[in-house]
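Pasting the structures here.
Note that chain A is present in both complexes that follow, paired respectively with chain B and with chain C.
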Partner chain A sequence: MALFVVFQTTFFLTLLSLRTYQSEVLAERLPLTPVSLKVSTNSIRQSLHLQWTVHNLPYHQELKMVFQIQISRIETSNVIWVGNYSTTVKWNQVLHWSWESELPLECATHFVRIKSVIDDASFPEPNFWSNWSSWEEVSVQDSLGQSILFVFPKDKLVEEGSNVTICYVSRNIQNNVSCYLEGKQIHGEQLDPHVTAFNLNSVPFIRNRGTNIYCEASQGNVSKGIEGIVLFVSKVLEEPKDFSCETQDFKTLHCTWDPGTDTALGWSKQPSQSYTLFESFSGEKKLCTHKNWCNWQITQDSQEMYNFTLIAENYLRKRSVNILFNLTHRVYLMNPFSVNFENVNATNAIMTWKVHSMRNNFTYLCQIELHGEGKMMQYDVSVNVNGEYFLSELEPATEYMARVRCADASHFWKWTEWSGQNFTTLEAAPSEAPDVWRSVNSEPGNHTVTLFWKPLSKLHANGKILFYNVVVENLDKPSRSELRSIPAPANSTKLILDKCSYQICVTANNSVGASPASIIVISADPENKEVEEERIAGTEGGFSLSWKPQPGDVIGYVVDWCDHPQDVLQWKNVGPNTTSTVISTDAFRPGVRYDFRIYGLSTKRIACLLEKKTGYSQELAPSDNPHVLVDMLTSHSFTLSWKDYSTESQPGFIQGYHVYLKSKARQCHPRFQKAVLSDGSECCKYTIDNPEEKALIVDNLKPESFYEFFVTPFTSAGEGPNATFTKVTTPDEHSSMLIRILLPMVFCVLLIMIVCYLKSQWIKETCYPDIPDPYKSSILSLIKFKENPHLTIMNVSDCIPDAIEVVSKPEGTKIQLLGTRKSLTETELTKPNYLYLLPTEKNHSGPGPCICFENFTYNQAASDAGSCGHVPVPPKAPPSMLGLMTSPENVLKALEKNYMNSLGEVPAGETSLNYVSQLASPMSGDKDSLPTNPVEPPHCSEYKMQMAVPLRLALPPPTENSSLSSITLLDPGEHYR
Partner chain B sequence: MKVLAAGVVPLLLVLHWRHGAGSPLPITPVNATCAIRHPCHNNLMNQIRSQLAQLNGSANALFILYYTAQGEPFPNNLDKLCGPNVTDFPPFHANGTEKAKLVELYRIVVYLGTSLGNITRDQKILNPSALSLHSKLNATADILRGLLSNVLCRLCSKYHVGHVDVTYGPDTSGKDVFQKKKLGCQLLGKYKETIAVLAQAF
Partner chain C sequence: LPPPAHLCLLTLLSPPLSSAAPTSPAEPISQAYSLALYMQKNTSMLLQTYLQYQGSPFSDSGFSAPELQLSSLPPATAFFKTWRALDDGERLSLAQGAFLALTQHLQLVRDDQSDLNPGSPILLAQLGTARLRAQGLLGNMAAIMTALGLPMPPEEDTLELVAFGASAFERKCRGYVVTREYGHWTDRAVRDLALLKAKYPA
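After this line comes the complex of A and B, so read on.
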């Protein structure tokens, strides 16, 4: 039984091994074909995802296999990609593989198939490729939706500079579709009637919120819709720069780097790149939370070497940099502290500081910088924990800034930041005597000495100068000396000294002590030497002065001058062996005259004036022209003079004057030269070379001619400013002679007129009496001619004078009435008017003629009876009336007229008047001769009353205007006969 | 769900605050009562008018700010991309009774409120640096919330309307960026057009 069992077992084992062998042989012969191929899509990544299994794989056996994959687009024959994928395959394993499509998967149908081959060393050769799997079709278009236009890929993330393929799917092939990238049309390749693809090469980064790409479907001009995508273009991730790590305390490593461009995009498409630190020796990794630094904790004291890799990463790329270092070589010390100064005096100090302790026996290299007085000094010193340095050769009373920084002395990596502090050295006594000079004004009996000194430089003052001591010692009377303390910052003082020699000592004093004395001696008779002034020419660099050496021993020379416009005395000390110097200062101004005096200083410190020089650093043209007077103007010459013009106050040495003369004549006068003015006009020019010659006789001129002249001074820099020409017209040649004749004549005429005026009354009475002689009148001839028997001239003897009642007129009334007619009033007062009319025995010495004549204009009808009357004869008839009457023809015409007609010529307003005077014009002053009260004419008289006297003559007098017409004086309704 | 979290939920919290923040909120509570915790303001209609005028005054500026921030082709293709062809927008009849108008206004404000919430959320992600746009969107949403509260108060206090069926703006969370921009632009175009009509009608 047991044997049977053994036999049976052996039999089954043999059978089993045989079966195993048989299966292995079968496997060798049968290819391992990929089966169950499934293809899915990932729209975001635009990828095909394949998964499959391998059929016939031995149980629990691993085989290395190669899979060949074919991908076709649109149709199976259009293979666009073939590739192998090698992997180790286990029994029943589902294999995965992805392929990313450049063309968006939505735009084309893709087909995939796969075959395999065993590539395992344990498998005997030869190996055969399996058969292709069947094509797997991948089409996304059907699930797009009902829109007429689609654009792909949606929201794709790409890197700047990469190539991108986009496409659109148009449902209606009749639509015309145009696509644009940021408004610029792009052109693509049509894949099928519905699909067009666009290859965008090297896409640019435009903005982090994406680039709009859109397509518009249209039929004709009718838009059917716009669809688009946003392409997110990321900047290329840069490699971190300047990556380094260091420690300050051997506990933490501080790593820093320059991250470069941030590649973050909007819409959360891509965050900023991340940074990770990886240390290879420890194998530790740390995700950094900051974009440019990260701290790494040092945990093992034994680890000295570090190998750091900094990895920068975004969705598209990964970059890394690596550093390998020894920790002790990357020690960045903490800043020194407790910087102090001890034992500070005028010239030295001790500087102390502390350094943070790192490890035992650590040596530090420290660097000290000392800044002061514009200088910098540097010192290096090795210290342990406490540093100390002796600062020497310092300047007194000076503020210094000292600072220190340290580094690891054994392995220099980096200096710390500076730690520093200021300190000030103490004061010391001034080290140098002040530079002193003086000016002396000699007056009768004394000298006024003004002392000037320059403030000591900071280098020599050694502190703040508080005051200056001036000691004045009379050399002639040594016992007498005077001390004056002048507080700083005064730089001058005035001394009045008598005619003795004085020694003056000046010292500058600060809080510590006095400076050496500066000594100057004023002689009893200073500066009485006449020295001629010499002109010098300055340059932009200053004045170059030279002088003859002073005979005898000198301890030096001093050149002094005044600065303008401040008028501050300046001086310069020159050594005894020097007889020239250049005075250069920024204070020199062009156009300002500087006077230099050169003194020699004797061994007794007495200054002796050697030379005077004057000059301009730069001469300028005169700033103004002289005021020119024209004298002695004749028909042939005139004299120009400008005596008031000062040549000293000019911005240059006046060398002379230019006289410009313009005339109508083209030829210039002798001594004049032709010149062209700046305005292009021509004139004649005369140059006066002597600046003191300030007059010019311009002769050889033409009478009655027009001349223009202009005088301007000139310096070496040019002439004065342009100004207007002054005009002169020469007089007529005979005018003077005429004046000689005319003047006496005029004088004589005037004299005669004055005499006439003074004797006017006499002349009047003599030549033009008020009562003309009727016998001399031309009327007589006319009367004779008409032979009018009624008209006769009465002889004086025939005339019986009427009795005349003299009415006395109040003087006041007369004056009031005739206020403006003074002369007549006077006449009236002295001689009543009716005395003219009817001479009386009193005022008429001889038998005067009694005149009776008819007034031709008298209205006979309107008048009262009586054919004759006393006619008031006015002293003066109006010229026109006189003319009318004196002309025989006019009188004849008047006689031929009907008298009644003449009435018609009387103005209507005056028709009520019975009389219009022909001889006495109301304008004349004679109206004043009218009696103020109407005089009752005698009835027996042959005289026809011709005067109409207003009743209101006693009223206030009329105005000037009212006297223009006598009618206005009359009341039209009332008459006087 | 995102839209509920970002746009609708805050709005509903404001609208139905009486339920409390922790309570589940029915979108359209069927048995909503007309109980209001605080008395309504006396001049509610004036306030509603004022809010509408305020919105109308700022609508165009918001629209311009929005489409400018989206980049090309939006500013130059407003009619094609930002036309107010929003299909499910609640209607409004200006010649209706005050009650009918208020009910329609309520629906519109709810719709706009949710849409504006989506737009604000999208723009904060897409245009994080467009601060003025964010500010204007937030300000508009604030006024809309106030307006909604006032309209509800008016409906409740005067007309005793405690329940209005509403629709919400489209959910843009699944859309691609270009579609979000486009939908936002269309919505703001529609908002600008509608708010002018509403301001005129009240």
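After this line comes the complex of A and C, so read on.
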């Protein structure tokens, strides 16, 4: 080992002495070694600045030389950079050279040495490198200060995307140092125990205030200090874009460009990039104050060509762009002015404008744009100073916008901005006749014609329509035609015309004139042609209509219909060779019925109704269900009817009805089908296909059963709305029978009761007349008046019946008797005291013990005095009972009449019996004395009994038959009245 | 400067300027105490705003670097016993020295920030306000010293030649230390003035 060390030392010494020898030899031959090498540092730029001289240079001679420089870091053997520097060296010249270090100089000691060689043609001989100068050491660390931690480089300015090396110097190797870039730890390479370097590749631009990088020294968890740097990363300076220059007046060139990103940084580290304009022909330069434009004064009139260089510059970079141009090719004219319109009429106008004059004999190219009615027209025109253009084929009464821009005609560079103005053409007479249609309402004696017209389109109106003229001319009789003017917004008018043919002309008028006339002829015959209505199906797009062509010449067809819900008449004109059309508007609504009428227009312009169509653009299900009545409810059937349901005003054509029936029975009735309702329940369904059949007899039902039914109409779109079922319970069988019998019976009984009630008086009279009470007779009062204390009423038992004598009756007697009777009656009627019998008699105490029979053979005066005058009148007889007989006169007349009738009815001749009272006989001849002697009869003489009994029968009791016959004969009710 | 602060400053500044020979120290002590209390409310806000504009690590939550100090700025921390034993003159002159240094440092920090953060008017306004308040407190303390008959300490230029070569990061650190110490010295001034207030009741 020792031997090896000795050998090595010997070898190095030998080598060293050999090298020394060589250099001495070279130096002798070429003694141009760099000497006085001094190295200084620039911390901000992180650069080493070298300066040296070359000895032994020939006086006043220049030599081209090459210097090789070696830089080592930390120790001399660690060479990190070798490079050559060629320059021409003068005698006694101090040479300078700089080297920028990636690693901050503060973080490592650097060593520099230099050698040279002549590289000059005047030294043709092969040249040798000089000796190296001695290593020059550069160390900044010692001057740092007392702090425990340092981070470098401070406030470095770099461009985005460049690589940066930072480092720290830690005085105490026991401290643990961590470094962070914007809060994220970074890891580096340890150069020596105190120094660590970090290579940051492609640093990003974060903000213009710089990027913080800091290191923290700590022992354990105790922070010993913090130190950092701010790295200023600049955006890369961009080349200016779209650089161009132009002139408007040949005095100033206006140059513009797009500057790109601003590279200014905070802390005054870098201001915004500067822009400088350099013109190479004149050699002039101008620093621009704005970042995107610059004005250049044109000083020499003769200069036509310009070569501009725009230089953008910041601390890190310089960029430039170049343009070369002829000034006359960069003329940007000033905007045209004084744009005006002359001689504007309905269809043309003259447009004039002016251009700023640049130089004499300068021609301009101008472009005109005309905007109007949604269209644009473009025209090019060449002008000098005053521009003029004739605009033709304009639309009347239309607002136009015309604008113009110009450019240099000889060397087109750029259009000016547009200069424009609006103008409106004048009105012209409307160019087309209005579309007119009519509806005719025939009434007896006249027609009511309503004319409708559509407003003219803007294209045809040629202005504002002010009014419509309607001229009505009678075609049958020569007469003056009638003119009506209707102010403009109106689109209809009503005319009442008599039964003649009329021609109606309609024109639209604006301020200039009238349109062509639209002619319609109303014929004298009303439209009474019966045309069947045909059903059609519409679609969402509209209705497709077709019709049979009208025989004869037609000039066209018209289809009209009414819009709902506005009820406005709409129409469509169809050409003469067309027999079908599609009516499509957005106005058609689903569920609304539209009626279309198709008219043919004859050559005489008379409209003739050809066909009628009706339909729905979309049929809907019925909106309501009919109100159903249940009739004829029996134990086995009932009838449903909905006669009131209108099938016309529905949102679809009613095709029929569905009758749903629910019952407890599982089986459906014969004509019904099983159906499932929307709620899932089962029921029976019967379909009626005829919309006019609005009743249904539901039979085969069970008595005393519960049924539910529901009737709904249906259209092609479906059924009516769901509704509740109506409940019906069938009655039991017997009750219906009972009702059948009982009802008439009850009715009959009631009828009888009413009759009985009405005729109660008669019945009473007939069936059980009052028996007169002799004690209540007026005779009694008369007797009392005579103050006869022994007055008594004779009892029947006291009477001794006499024999009845039947006498044959001679004719003459009969007549006499009648005459007598009449006179008697007259006497009776004249007697006022007879009337008292008519008023009601209260508290009649039932029939008295005596029965009074009237006998015509008997003296009536005596009969009057009897108790037969008592009439059993129902208590408080209502006035109605008396009827017409409320006045005494009426009563008397009625009595007279009835009495006469009853007399008349008695065929006296048929009577074979004559009653002769045994008591009355003595008085028969003494009529005159009757009033005076009624109170003088002998005992029981008041009873005037007649008996028609054979002589052999001695006092038979009055039989029922005889009394009945007597009643029938005499009709006492009538008589008493 | 918000209007209340203006008013406050005006009222507090005017008495010591107008009255040459106050009779009792209680009033200027009370006024100084009120101002110090008012300043105390805003010191942490100033520090937070400042840090927020400096980037990492300053803007990191919970940032604290007590080891960072400025030799030109006297530390506010003191041993309690020493502090308690100070006499009125020493106490007031220490505080006055500190606030004098703080006014100069706050101006320096504001200049630095207007260079680095020209687009942050809030921070610049707060720094300006803090400096004005520090000056106001200085005036109040001078009034107290006059009232107590104490000699006024000479005005010194605390910032000598240290400021201008500093790097951006050092300037950020410097601003941090200044705004932090402004808070600490305000806290200490409140304690100082409370002690004086107790000693010289109205």
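Operating definition for what follows: the second predicted complex is superposed on the first by the 564 of 977 C-alpha atoms of A that agree within 3 Å, B and C clash if a C-alpha of one lies under 4 Å from a C-alpha of the other, contacts with A are read in each partner's own complex, and residues count from 1 in each chain.
Here is the rule we use: a residue touches a chain if its C-beta (ideal position, glycine included) is under 8 Å from a C-beta of that chain, and two chains touch if they have at least 3 such contacts.
This structure is a prediction, so every number in the text was calculated from the model and none was measured.
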So, after the overlay on chain A, do chain B and chain C clash or fit? They clash
Touching A:V230 in the superposition: chain B (first), chain C (second), both, neither? both
Task = Pick one for A:G210: touches chain B only (first), chain C only (second), both, or neither.
result = both
### Query
Given the touch rule stated above, what does A:Q68 touch, chain B (first), chain C (second), both, or neither?
neither
**Message:** Per the contact definition in the header, classify A:K154: touching chain B only (first), chain C only (second), both, or neither.
**Reply:** both
For A:N295, is the partner it touches chain B (first), chain C (second), both, or none of the two (neither)? neither
Both chain B and chain C touch chain A at residues 151, 154-155, 180, 182-183, 207, 209-212, 214, 216, 223, 225-230, 266-268
Residue set of chain B touching chain A in the complex reads 70-74, 76-77, 80-81, 125-128, 176-178, 181-182
Per the touch rule, the chain C residues reaching chain A in their complex are 54-58, 60, 65, 67-68, 115-118, 167-169, 172-173
As the complex stands, chain A meets chain C at residues 151, 154-155, 180, 182-183, 207, 209-212, 214, 216, 223-230, 232, 266-269
So, in the complex, the side of chain A touching chain B is made of residues 151, 154-155, 180, 182-183, 207, 209-212, 214, 216, 223, 225-230, 266-268
